[in-house]
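Each of the next two complexes has chain A plus one more chain, namely chain B in the first and chain C in the second.
Right after this comes the complex of A and B.
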């Protein structure tokens, strides 16, 4: 019992440490201002083309005025496509898996072994800082975009739904992070993982519902995809915002998402421990 | 202070017994067919990178770790810093088993590899130092004091706000060393800290390391290809060849142990034909009245007597061969026999 306060203090100290790391990572991120602004602006371009594509699809199906495809009206479809961008803003982790695999291959892993830090909390705080910077800096252009597109939306969701939406975005960030981190750990076993990661990236575009909502697919496929963790990267938050998740099911759905986040965190750290055993035995 | 910490403070910094590391290296087979076969059944070869090495290092020592490429120096450093596990043997570093990677252990250790850098490339070193402060949870006041002391010692205070990519190689290495010393480690492992640097930067870095060791009595184990580094810094050296420790002692003792020859420099009264001198030993250099001979140690007295008897000698000087040559010879002889059989002359 005597040790309890000391341990709590140590734990707070650890959290504070990663907080400070995040703050410094923020400074680092801001060193690349131009890259930042360009990558933000370039994100709007594909969005435009997808919207035009779906306009054509609905027109082709003769459903331009209020008709539905897979339970989505044209307006809902376009607001969905705008919303998955918000989801991906939180859940996409460009370069994370690639970076971990590179650190393994090039021996940079040693900084995590030599210094009193753990790789996953370190990368997580780093990523959180980058995301915070990114989301803050893109808030204005995104707000403008949504304002221009306001006619596609039925209006603001209720406060509890909005709260659930925000929570699902944060959990989506964690799921994206640990999923990508787990993929990066494959670098312990394979020399070159970039083509595998490319395939996974392309698949994720579909599996996460970034491409289109699962509801357009035959029910069986939709069910399967809704059982996988990928849906939390794009589909799930958007579906919450659009009231496609019944309010009484919200809590349990969020719980499931949290369990997925935890499971993937455990998976990533388990893979890291296994990989490290191998790395420490064979190479370094 | 706990009992273990107390024991750590008193005992040796590094204590290693029979440390052994065997790597399993995948043997790539020749040709396309071989490559395909390799997909299914892999052939491995065992490489004894480190083979039963034992030594101990006391607090405050600066020890040089010498050996040819591939002798096992870096592998040993990796085991001592906890990056890899040994296949056999034991090690205690700062009182810890290194590969258990206890945080208390990692807070007291630093490893710097000359060919790798830890600093953020596009940012000023000051930002990397701030990250370091966070990682090691250093109190602000202590951090500022140490940083001030180190930047003054290395003379790079004015470069702290300059992006690392704009620094010269030497300045960058100094920043790397500062980063490694910010948490005031008790043990500093250096792998080729001066590689690729110009002479001026090498000299500064040596001077700084020596001075820092004097002030803080940090223990240093360093590998280097530059004998000058070792001569300037290390009272004691370990020589490792083919994974085995072949020498542990003062630098000067290497000549004693490995060199079977002396260098005899003669200044004769008149120009001389070098030919008759060949019977005493190898003529290394002949220029008019100046003759330089390499003579086997056990024949030295006899040879000197004969020369003084038969030639008019104005000046005579007997030296040990240059350390660098001795070491190069030790390294060469450690290579597999078929590579050295053409050069088996004694030094």
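Right after this comes the complex of A and C.
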């Protein structure tokens, strides 16, 4: 009878512990404000030039007024290019894999082994705080941008689609996190993984649909890219918002995304456990 | 002249040392080269995808645009090979106070900080970019014109000077920002204006932006002017402006760089 409150207390203690980690990460993120503001403002420049490029492409194709390229009208294309930035705002994890690989290489992993914290929940709460800070600080400029570009959008999607969109973004955050974490765990087997991570970063930019919607590619390539988990990092949430995923298929598509998130979480956790057996704490 | 020769020899020694270091980790070097190649392939897939849907983008035909892509890639290769790796480390030198070491050496500070190392892995980009441009010229059936080629090379050098000046200005900002670890990202974002033809800045709200980044912050001209001279038309006023802007920006960036050094507070000493 006494076990349940004790277990609840322990659970609350665990949550409080990772909550404090998140608060410290938030304070750290806000310490370098100027650097943060400069890079955030510059982040809008590629959006601008990409929109202008696509305007020129549609003008060149004579499809400026309502015509479609790959099933996307000009307005949908520009909406898509704006929405993938929101997707990446949730799913990109700069420095995560490098950090894990560095901790392995330099023997710093011992802090997770000696202290009562687990590496994956610790890093997850740390990243969640960084994302919260980033999303909060960029909310105003993004809101202004979307307001200025409101004519490109057909309006707000229906409530179920909007709920599915938000869920896809949160699952995209988890997929991005566990994918990067799994890549970082390769540091147990290879001394230097930075070049490999660079390859993956370059590939992800293309495979996630960040550059353009897959639908513009020949059907066979588009199908292959839509079967990979990378699509959840950029393409999939944007496609949901633009009603490119039929409503009757929404639930199964989200479940597939959740399965990918779970599979990648299990993979990262398994790689960590396998890696620990090889770990020698060099330099630690 | 003797000073120039001295710095030339110094640079060659740095380059030789860098090559030896790269070749000590041959596997890593090959992966880095492969990434650059992969990026070019992605760019070409994007280019090909665009031109399967249209025959012209902002006044640039398929072959002309291919030349532009090659020109941009080669210019990016020059900056990455010679300067980017060095400037990228500057913020960390400021943050840790290790910049003291470079300031005490008997050599020009700007040379040491921006040109002491060579990124051999990105060197092939220059040749790949040149190759893509030559392929485009062959597709265009370009008639050899020595005068035009020399003018292109001069304006390409101006483009490199402009890009270098902007890189130095962004690097100098590290002193005031304290942490500017995202210089690679900032540089990538800033050079977005070099990546596309100037003619895409058309329309009521885009034209003033294009004008601003052509004449006030002349980053668009770095790739546009040399590429236009080679495959489209020579605009003498714009070419003269590019020459002038590159000279002014080289001087200005140098002054800002030394101003930044004056504000440097040795962090760890």
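Here is the rule we go by: the second predicted complex is superposed on the first by the 273 of 284 C-alpha atoms of A that agree within 3 Å, B and C clash if a C-alpha of one lies under 4 Å from a C-alpha of the other, contacts with A are read in each partner's own complex, and residues count from 1 in each chain.
We adopt the following convention: a residue touches a chain if its C-beta (ideal position, glycine included) is under 8 Å from a C-beta of that chain, and two chains touch if they have at least 3 such contacts.
Quantities reported herein were computed from a predicted structural model and do not represent experimental measurements.
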Original post:
Is this a clash or a fit when chain B and chain C both end up on chain A?
Top reply: fit
Original post:
Who does A:206 touch here: chain B (first), chain C (second), both, or neither?
Top reply: second
Original post:
Should A:280 be classified as contacting the first partner (chain B), the second (chain C), both, or neither?
Top reply: first
Original post:
First (chain B), second (chain C), both or neither: which does A:110 touch?
Top reply: first
Original post:
Thinking of the overlay built on chain A, is A:35 touched by chain B (first), by chain C (second), by both, or by neither?
Top reply: second
Original post:
Looking at the overlay, what does A:252 touch: chain B (first), chain C (second), both, or neither?
Top reply: neither
**OP:** Pick one for A:61: touches chain B only (first), chain C only (second), both, or neither.
**Re:** second
Original post:
What is the contact status of A:17 with respect to chain B (first) and chain C (second): first, second, both, or neither?
Top reply: first
Original post:
So, A:53: does it touch chain B (first), chain C (second), both, or neither?
Top reply: second
Original post:
When the two structures are laid over each other on chain A, which of chain B and chain C touches more residues of chain A?
Top reply: C
Subject >> chain B versus chain C as contact partner of A:43, first or second or both or neither >> reply: second
**OP:** In the superposition described above, what is the shortest C-alpha distance between chain B and chain C in Å? Please give a whole number.
**Re:** 7
Original post:
Which residues of chain A are in contact with chain B in one complex and with chain C in the other?
Top reply: 32
**OP:** Under the touch definition given earlier, write down the residues of chain A that touch chain B in their complex.
**Re:** 13, 16-17, 20-21, 23-24, 27-28, 31-32, 107-108, 110-111, 113-117, 279-284
Subject >> Residues of chain C that touch chain A when the two form their complex >> reply: 25, 28, 31-32, 34-35, 38-39, 42, 45-46, 49-50, 53-58, 173, 176-182, 185-186, 189-190, 192-193, 195-197, 199-203, 206, 209
Subject >> In the complex with chain A, residue positions of chain B that touch it >> reply: 23-24, 78, 81-85, 99, 101, 103, 106-107, 109-111, 116, 118, 120, 122-123, 127, 130-131, 133-137
**OP:** Write out the stretch or stretches of chain A touching chain C in their complex.
**Re:** 32, 34-35, 38-39, 42-43, 45-46, 48-49, 52-53, 55-61, 69-70, 192, 195-196, 198-199, 202-203, 205-206, 211-212, 216-217
